[in-house]
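Next, two complexes with chain A in common: one pairs it with chain B, the other with chain C.
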Partner chain A sequence: MADDKEILKEIWDGKIPICFKLAENEWRSSEPEEIYLMVSRQSYFPLVLEKVQRHFAEYVSQTKRHNEVWLDYNGTNLKWHYPIGLLYDLYANQGPENQSNIPWALSVHFDEFPGDLLHCESKEVVESFFLSTIKEADALKHKGKIINEMQRKDHLQLWNGVKSDKFEQFWSMNKKLMEASEGEGFMSIPFRVYQLDKPFIQKLFQPFSESGKKRTLKDLLEFTFGETISSSKLILIQGIQPSMDTPIQWLSEHLSYPDNFLHICVK
Partner chain B sequence: MTAIDSTLRNEILNKLKKRNNSENGVHSHIIKSHSKLTELNITLKQEINEVKMENQRLVQENIELRKSSGSTTTNASISVDKYQLFEEKLLKAKDEVIDLQKRLVDQAQQVISLNKILKEKDDELSLKEVKILDLESKSELLKAANKELENKIAASEEQIKLWKDEKVEMELQFNCLLQKYNKTKEEYQQILTASLRFREEQIEKVNKLNELEAERIQLKLKEELLKAQTDFSHINLNDTPMSIGASNHRNLKMHAYNIPLVNKAVYKFDCNEGEVNAIKYHRNGKYFATGGGDRKIKLWELKDGKADHIGNLIGSNASVASIDIDSENNLIAGTSFDFACRLWSMNDHRLRMSSGDVQPTHTLTGHTNKVLSGKFLGVMKVVTGSYDRTLKVWDLMQKACIKTLFAGSSCNDLVTLDSQSIISGHLDKKIRFWDIRMDPPQSEISLQGKITSLDVSSNRNYLLASIRDENCLKMIDIRMNQVTETFCCEEYKPGFDWARAIFSPDIDHQFVCAGSADGSVIIWNSVSTKVEKVLKEHNASVISLAWHPQGNHLITCDAKKKAVIWACK
Partner chain C sequence: MSDLDKNSNFNPDDDPNGKILFQESTNDSDTKLTMPDSTNASSSNSNKIEIFLKAVGNAPILKRKKFLLDRSKNVKFIIEWLKKYMKLETKDHIFLYVNQEFAPSPDADIGTIYDCFKTGNSVIFYYCITPAWG
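And then the complex of A and B:
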């Protein structure tokens, strides 16, 4: 049960300042003004780029104005289907001590859409991706029982809650997905471990061992990598580095992104 | 709630707060104000643009105004010349205007006249159109009529065809029928010739038969003549010429008279069913005919003292009243209660060939009541007397009644003397004498009672009348029209209104005979008026009698179909 509302609220309110610059090769006449935005960690880029596109449209030649916008950070093309928080943590976040990358500077491109990026035609695409991820998570947690019991309007409520940044709207539905019996937890934890330049790792991991003991983050990471992690590595979840002894069940309930996955970055 | 160490939890909470601070905290303010500034910037830019455009527009307006009002600032010195120029221009312009106006008027007039012409033309056009419509409709009518006529022609042509075909068919049929007709004609001719041939053969046969028959008859006649001669010679020997009294004494009783006095019934037979009204002998004495209530006339032949039935004469529809035989022509006349008189031809061979029924050759109708008596009158005439109070004379050649004599009373019996004289006896007790050439009766004799029978003697001098109510017979001299003798007898009583009495057939009419109601036959002597004989044999009333022409025997018939032959033995 995700009861710790304080924690959940803090998680939900996480925002990142981003500075959007138009890519230099796309300036038409003069240097366009940068645009700064505060974007929610839990959100996705296609939902917040409207203003950016509008702002830069007049600086871009006529033909390119309505192209699909894509972003890059230091040469890395940003995948739009990752939550913004995850992207920042993975690429820019250098730990809680170092704040050198805030505001996060991103380049906005109108032209030359890269081949390895997926196109996002509309917000509906994001919605369907988001919902499918939630279903996957629930399948891992409850064999898909709870998500299948939910009606379409409930799914829409989840999505609208994310889209409109409404905590109550989202969590009134999401808490159903976070239900787990005392002492048993989820069937398996939905998590992904991200590393730079490597595909993410997703494995089946039970929150409780056979003996009924709670398993911790350390156990998870050991299970994932097959070896103990050196303490020099940065383990970021939601931008913080939780203690290694934190129970995984609790982590999954409270620190998951809205898509019910625990996205862990190892740097 | 998933259990977690509170310390861990607090740790995490602190870390989150720290994160939020660093990421969120300060920057949000800055970014907010930054975005506000940018928005302000944008709006200001827009306003500036608008103002610039406004400015430009105003400048342009200004320029234009300046341009338009530029002329007002030119020099005044030039103005006078310009003014004159302007005046001249104005005059010119005015002239032009006048010209133009004139032209306008002209053109208006033209327009008006043209309009008039146009109207006229329009009118003509409309008239013409009307005419055209008329003509069109007429032409349509004509076309329609034309079509109809064509149709009619077609129909009549078809009919003609049909008729032609029919005609051909008919001709064929006619030819067929003609052929058939010719064929049948030929066949008919053939059949005709064949039938003629056949008939000829038949006639030959018949002729042959006739010849044979004639020969046979002749032979028979010869034999009978021989027989008769011997008989006559017998009688002649026994009597002096016409002397009644002398012969009485010289001979035996029977030979004392010319006629043998019959005294015995020799043969009794049934002749007709019912009453036998009439009996008559053929003059040759061989045949006699009886007629009666069975509506037939039966022909009999006497052989060996017996009567042989040879034939019937049929045709009567009611009882036969009287019979007369014309011996020369072999005709039998039978009158009947069915108001008619019939004639049969009595040819010998035919009788012999078929002893069956013979139909009458003539039927004389005309009477309106029972015909009681009919007699041959002369040659080929018959006179009949009837209860319709008339006597009719019939011509047998014409088979029609040539004269009707009105007697005034029903005739019971009549006799003919010669071819003109008729004597008839009536119910009104009168005997009338007629000459057929004259209508009313020549004379009449009144007697005391109904005349039931008349008989004339063989010498035509005397008439015998039987009177019913007086029960007597009267002998009347015809030449003198007087009653000479009266015969009475106690037993004598005529049974019927047509009960007959007869003379004996000899020249002297020796005897008078009559039948009585009680069945007795009474014979009187005509001279002495005495009853010679009363013969009783019949059981019923005797109606008619007949004497053999030679006087050999007497036949009497009664009301109960019996006939008795009397002879002298």
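And then the complex of A and C:
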């Protein structure tokens, strides 16, 4: 895995330029300027919105400026508990050759918090959500053995790595979660398949066939949908269109988000 | 024992939304609930998942622990249901765990959790009002 460090770093450094605009009906007298940020794909919106909230707070009515901020993209409310890269790939990414949604233009709201979004009162809520997802992933990979053997400080190291965008801090601990025996791989691959306007799909999927053959991304998608997937579909993981013949164990070790899940968009 | 008094008010027929959300899994015909919605009444149980709801710590216990729930219902639905059932405020928290291991994503379908984490033929959820397994 050491040879692949460059790939892990490249994935980690994936960023999305975002243009935040205050929603039209929310400013009082004058329209504030938009704010542009370069945001890590691996991060979560509550970790990056502080600056945005401060920038727009003085333009909204006094009673609302301390409200919980939420975002929409072209009318789709964005879930803060999905990694930012996943939200972009699912709703805005038209494929690696198409740059029409760069920067990604999002509307910022202080008012009328939608019922379909979860509340996020503090960064601790994000932390606990993040660690829960890692635990679920390790339950699939190692029956939870590795994450449960870690101490609180190890969990914090994972979280702080994500929160502060520190590659070394995160990966020096995360590599333990990525350990797999040669020729066997993880017990199951933690993956979720996302499509527009549908709940995500998650199933038990082993990285090797009974005869010991490496299963590929193509195998996983066929297993998920029960049929061969049309070649006209756009498949995105971490903003990349991987070859359908890529072994799924390799993808899981290298293209998973920090929450240890392979988040796959099919559109 | 205010907690106990509160518990005695838990009636499985009582539903905060005025309709029965969970179909109880029980062989006792006296207490077996039927789906009030006639369009659902004829649907088979194959799309339903048996779940157990077990209290942890000082969370109020439910009168019944076993329920049948549509595969397509999600985790958030159970959390909201428990909150209303226990008459908690919206700001209060319910923490829900699968197999004493992890808190599932609120938008995960019950069917998905069953497919990945079932115990026997059911899913065992533990709920509490303070965080238990992180």
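Following the convention adopted for this analysis, the second predicted complex is superposed on the first by the 264 of 267 C-alpha atoms of A that agree within 3 Å, B and C clash if a C-alpha of one lies under 4 Å from a C-alpha of the other, contacts with A are read in each partner's own complex, and residues count from 1 in each chain.
In the analysis below, a residue touches a chain if its C-beta (ideal position, glycine included) is under 8 Å from a C-beta of that chain, and two chains touch if they have at least 3 such contacts.
Fair warning: this is a prediction, and the values are worked out from it, not measured in the lab.
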Three-chain arrangement built on chain A, chain B and chain C clash or fit: fit
First, second, both or neither for A:Pro103, with chain B first and chain C second: first
Which superposed partner A:Lys203 touches (first chain B, second chain C, both, neither): second
Which of chain B and chain C A:Lys79 touches, first, second, both or neither: second
Which of chain B and chain C A:Gly14 touches, first, second, both or neither: first
Partner chain(s) touched by A:Gln157 [first = chain B, second = chain C, both, neither]: neither
Partner chain in contact with A:Thr224 - chain B first, chain C second, else both or neither: neither
Superposed arrangement, angle subtended at the Cα centre of chain A by chain B and chain C, nearest 10 degrees: 50
Chain C versus chain B, contacts on chain A by residue: B
First, second, both or neither for A:Asn174, with chain B first and chain C second: neither
Contacts of A:Ala139 with chain B and chain C, given as first, second, both or neither: second
Which superposed partner A:Ser40 touches (first chain B, second chain C, both, neither): neither
Minimal inter-chain CA distance - chain C and chain B, angstrom: 24
Sites on chain C touched by chain A in the complex: 72, 74, 76, 98-99, 101-109, 112, 115-117, 131, 133-134
List of chain A residues in touch with chain B within their complex: 1, 3-4, 6-7, 10-11, 13-17, 33, 35-38, 55, 96, 99, 102-103, 180, 185, 214, 238-243, 245-247, 249-250, 253, 255
Complex contact set, residues of chain A against chain C: 79, 81, 118, 128-129, 131-133, 135-136, 139-140, 144, 155, 188, 199-204
Residues of chain B touching chain A in the complex: 1-5, 8-9, 11-13, 15-20, 22-24, 27-28, 30-32, 34-35, 38, 41
